[in-house]
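Both of the next two complexes hold subunit A, though its partner changes from subunit B to subunit C.
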Partner chain A sequence: MIPQDLKILEEKSIYLLREAKLRFNNVAALWSMGKDSTTMLALARKAFLGKVPFPVIHIDNSIDFPETYRFRDELAKKWKLDLIVGESEINPDLVGSACCGKNKPETLKKLMATYGFDALVVSIRRDEHGIRAKERYMSPRDKNFRWNYKNQPAELWDDYSSKLDVRGHIRVHPLLDWNEIDVWNYIKQEKIPVNPLYFSRNGYRYRSLGCTHCTIPLKSDARGVNDIIRELETTKDEERSGRSMDKEREYVMSKLRALGYM
Partner chain B sequence: MAVESKMRMAADALWRDQSEENWKRFSGALRRSSIRYYRIIFANGGRLNRMQDLTKSHIELYDSKHTIVTKVPLSLREGKRVRGATIYLSGLQVWNTAD
Partner chain C sequence: MEVRNIALLGHKDHGKSTLIGSLLMQTGAATKVRVMEAEAYSKKLHRPFEPAFILDSFSEERARGMTYDTTRAEIKYRSAALALIDVPGHEELIKNMISGASYGELALLLVSAMSGEGIMAQTKRHVFIAKMLGMESIVVAVNKMDTVNYGEEVFQRIKSQMTAFLKAIGYKEANIAFVPISAYRTENLVARSTLMDWYHGSSLLETAYGMLSRARKPAGGQLRLLMQGRIETGSGALSSGRIIQGNMHVGQVLRSTMGRGRHPVSEIFVKGTRVKTAIAGENVAIRFGDGLRLPRGAVLYGANESLRARRRMLTLIFATRRIGQQARIRFIGNEYKARFKILDIIDPTTGKTLRNGTLAPLRAADAEMEVDAPIPVGKPAELSRFTIYSGKEFSGIGIVNG
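Coming up: the complex of A and B.
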């Protein structure tokens, strides 16, 4: 990766973040404390002169990793983030993808209704999963958070659709063109703080972070950002291979995203 | 009273009553103790297969030499509501092993 490529990605992301702030009245960003959403916040700080100008939402289902909570609190203080924590109820009858498909979107729906957000900045990337590859930079959701991925607006010549459905909202995806190595190269270049769970300890590290009960560590000796970049250049494993919900059954991610999962 | 004894007493109290008050007391004792690592042991020997298993799961706590010091439950109870309590272990590091 040459820095020029990263510069192009950065400029596009900053453009999208500024467009989102300009086009919508009430924007918020989702923050999972993972590498992608933290990179998105770093881009937002760059786009808006050192300050994230919109509220940052963490959907907390109360069983995240302790390191994740610490990272959230420390970075929120350091970057002076307007953090909104939405406590997600644990429904005892739901597990795995059903948990993600119901608990988190329901909590987000309540927050959206309370605060009246009309746009959400979400840090998904096209290379993460086939269904995420179908996303647009600005993607409409209806009032029930449903995403009709078979009927999406065209985005030709950087002409994005920001037309809102009645009581719906728009998902803004500034990192859509990035891939995993781009993100790590940018983290290295900009010295962005990351969750310590990404780094190997005792021969294991987490490559994609979720809740404690659905995230599996992978064998790795990558103790720093440079090691991770080297590892990614040679690995043939999928990024989300440590996320149990992706393995449950075919098309589970398509169904989750259609139901409003981030 | 020694710091470690206070921490063990707080852990014992948690097994009797997983209230938020007890978790806050335990969290304070934990910060002053020698515990550095944690490992989550889910019920049924592996993943959390049902959310109800949350109440049967526990967390093992280790010192800097990776010697197990004590165990605490994974859940917190607020009346009939049950939720995870991992936020109270903030500051510890995960310890994954092959077994």
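Coming up: the complex of A and C.
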């Protein structure tokens, strides 16, 4: 895994976050309490001098880990976040992507409509998945959250030309260039608080966090940020291999993306 | 680690995605799952293993064997991280090609040596665009050498034809390199191939790395600060901007290309922290002593220096859609009305002037451009390029030539 120059990544993210705030009327961000979206919030605090200038949305299906809820409430208080919790249902008979893929986007859609958000900051990274690697920094979704990946807007020379379909919204991806190891190096450098589930307990840790139904821990003795960075320097395993969603076929992901979730 | 960007260019099916896939595997950058998944999908389509599937992830891309949109992947080579930017080769996807290639510092052009392939119109068009995008160095990888028994003849023919074209559109011979490869058979990619003893140069990666080390961006120069807009922060309303050249400090007096006056800088914030100085590459939040509100698109510079803004200029434009006399341009984040007077229509596949042509898609032109407000064109590159819109649609790119 290749560590990149954090200064360059940081400046680009700050630029994109400010650009989002300047260009759109009503910006919100998704916050899963995972390392990526928490890092994004830390970057927003840098871009806007200590303040996160948009509401953060947690789509909650009530089966997240207790540690995750605790982490959410503590950090929301400490960073004075404008937290919006969207309650999502779970289907006991559905597993993996079918479960998340069905209910979470529906909850988010309703929430976006209620608040009238026209831009949504999502902390995806190109190195997570081949499909995510095809995203733009600013990527339009239609009113049904569909991603027209066959006809994405041109994006060059800091001209993020995505037009806003009034019935849709723009996904803003300030972390698109970051690799997993960059996120951890930055967490270390900036001492960003992270969910304790990332650290090893009894020989296991979570490398990627979803809800309790679809996340499997991996064998690891990494008890701190430094251990995680060392582990990532040598691993050949996929970051999301502990997420049952990704074990399914590639086209499921493709459909999920087209639906606008993930 | 510093990331250097390499844009892969060339006609469809000449092997761009396959080359990146092979390089990811050869350098150990591809994860197990990505490789296994590409293997499984190749089997599903009853095909031999296709390294391009590591990049091309949409089911449609795989089924049709084509890249729809740009993506990138990184490999480590010597002391650098090389970002390999994949772009679609199809003509109708040129907008996506430009979006990806715009990040390139070095062009890596693929030309297939296979019988019936060779140098195509799109091969040349991509090179023409690369030059406009500011890539001054180019490595031409003559691919599919396995289909011609690794023979020298085809390689030399492509080399001499391509050299003539590259020189015609302005590439210096010292900035051009040719490397014979087989992306699929992984010949001459990372290590020198043993199958082509007539070739005495370096492997593809070594050649690209060498050219990148020479192609350094010039640093320094007078302050150029691009204003992004006014942001509400934890420390009140501030002006946000990005320094693209030079540096600035608290107490410095600046002037703007939009509006008059001298503006003393009273506070600068970088990455959320109050600082005394800021340098090129940094995003700054500024408080001016005179409470100034600067519009987006303004360029700030030192009050003792001069920066001229003007409305008329000579440009080279490339059309992805038809461009008429009237259009809109975006220049450093701001939009202007523009009027074009076409001087010459250029065929990017020959570099030659066309008689009586119109500025149809995939053509270029030398044109006089007049914008509805003065803009500060010049160096660095950010101040000499613009995107073109007709109606709501992205229609092309332009660079200022004089």
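Everything below uses one rule, namely that the second predicted complex is superposed on the first by the 253 of 262 C-alpha atoms of A that agree within 3 Å, B and C clash if a C-alpha of one lies under 4 Å from a C-alpha of the other, contacts with A are read in each partner's own complex, and residues count from 1 in each chain.
Heads up, the rule we're going with is that a residue touches a chain if its C-beta (ideal position, glycine included) is under 8 Å from a C-beta of that chain, and two chains touch if they have at least 3 such contacts.
On a predicted model such as this, the values are computed, not experimentally measured, just so you know.
Overlay on subunit A: subunit B and subunit C fit together in the combined arrangement. Contacts of A:Leu197 after superposition on the shared chain: subunit B is touched, whereas subunit C is not.
With both structures placed on the common chain, the touch criterion links A:His129 to subunit C but leaves subunit B unconnected. Of the two partner chains, subunit C is the only one that A:Ala47 touches; subunit B does not reach it. After overlaying the two complexes on the shared chain, residue contacts for A:Asp227 are found with neither subunit B nor subunit C.
Of the two partner chains placed by superposition, only subunit B is touched by A:Phe65; subunit C is not. By the document's definition of touching, neither partner reaches A:Asp82: not subunit B, not subunit C.
Within the superposed three-chain model, A:Asp73 lies in touch with subunit B and out of touch with subunit C [touch as defined at top]. Of all Cα pairs linking subunit B with subunit C in the superposition, the shortest spans 21 Å.
Residues 38, 40, 42, 47-52, 54, 74, 76, 81-87, 89-97 of subunit B are the ones touching subunit A in the complex. Here subunit C touches subunit A in the complex through residues 1-3, 28-29, 31-34, 37, 41, 54-60, 68-76, 81, 95-96, 98-99, 102-103, 228-229, 231-235, 238, 240, 242, 269, 271-272, 281-283, 285, 296, 320, 330, 332-333, 382, 385-387, 389, 392, 394, 397, going by the rule given at the top. Listing the residues of subunit A that touch subunit C in their complex gives 2-5, 7-8, 10-11, 14-15, 18-19, 21-22, 45-51, 53, 126-127, 129-131, 133-134, 136, 149-150, 152-159, 161, 163, 179, 236-238, 241, 250-251, 254. Subunit A contributes residues 61-67, 69-70, 73, 87, 89-95, 99, 196-197, 201-204, 212-214, 217, 244 to its touches with subunit B in the complex.
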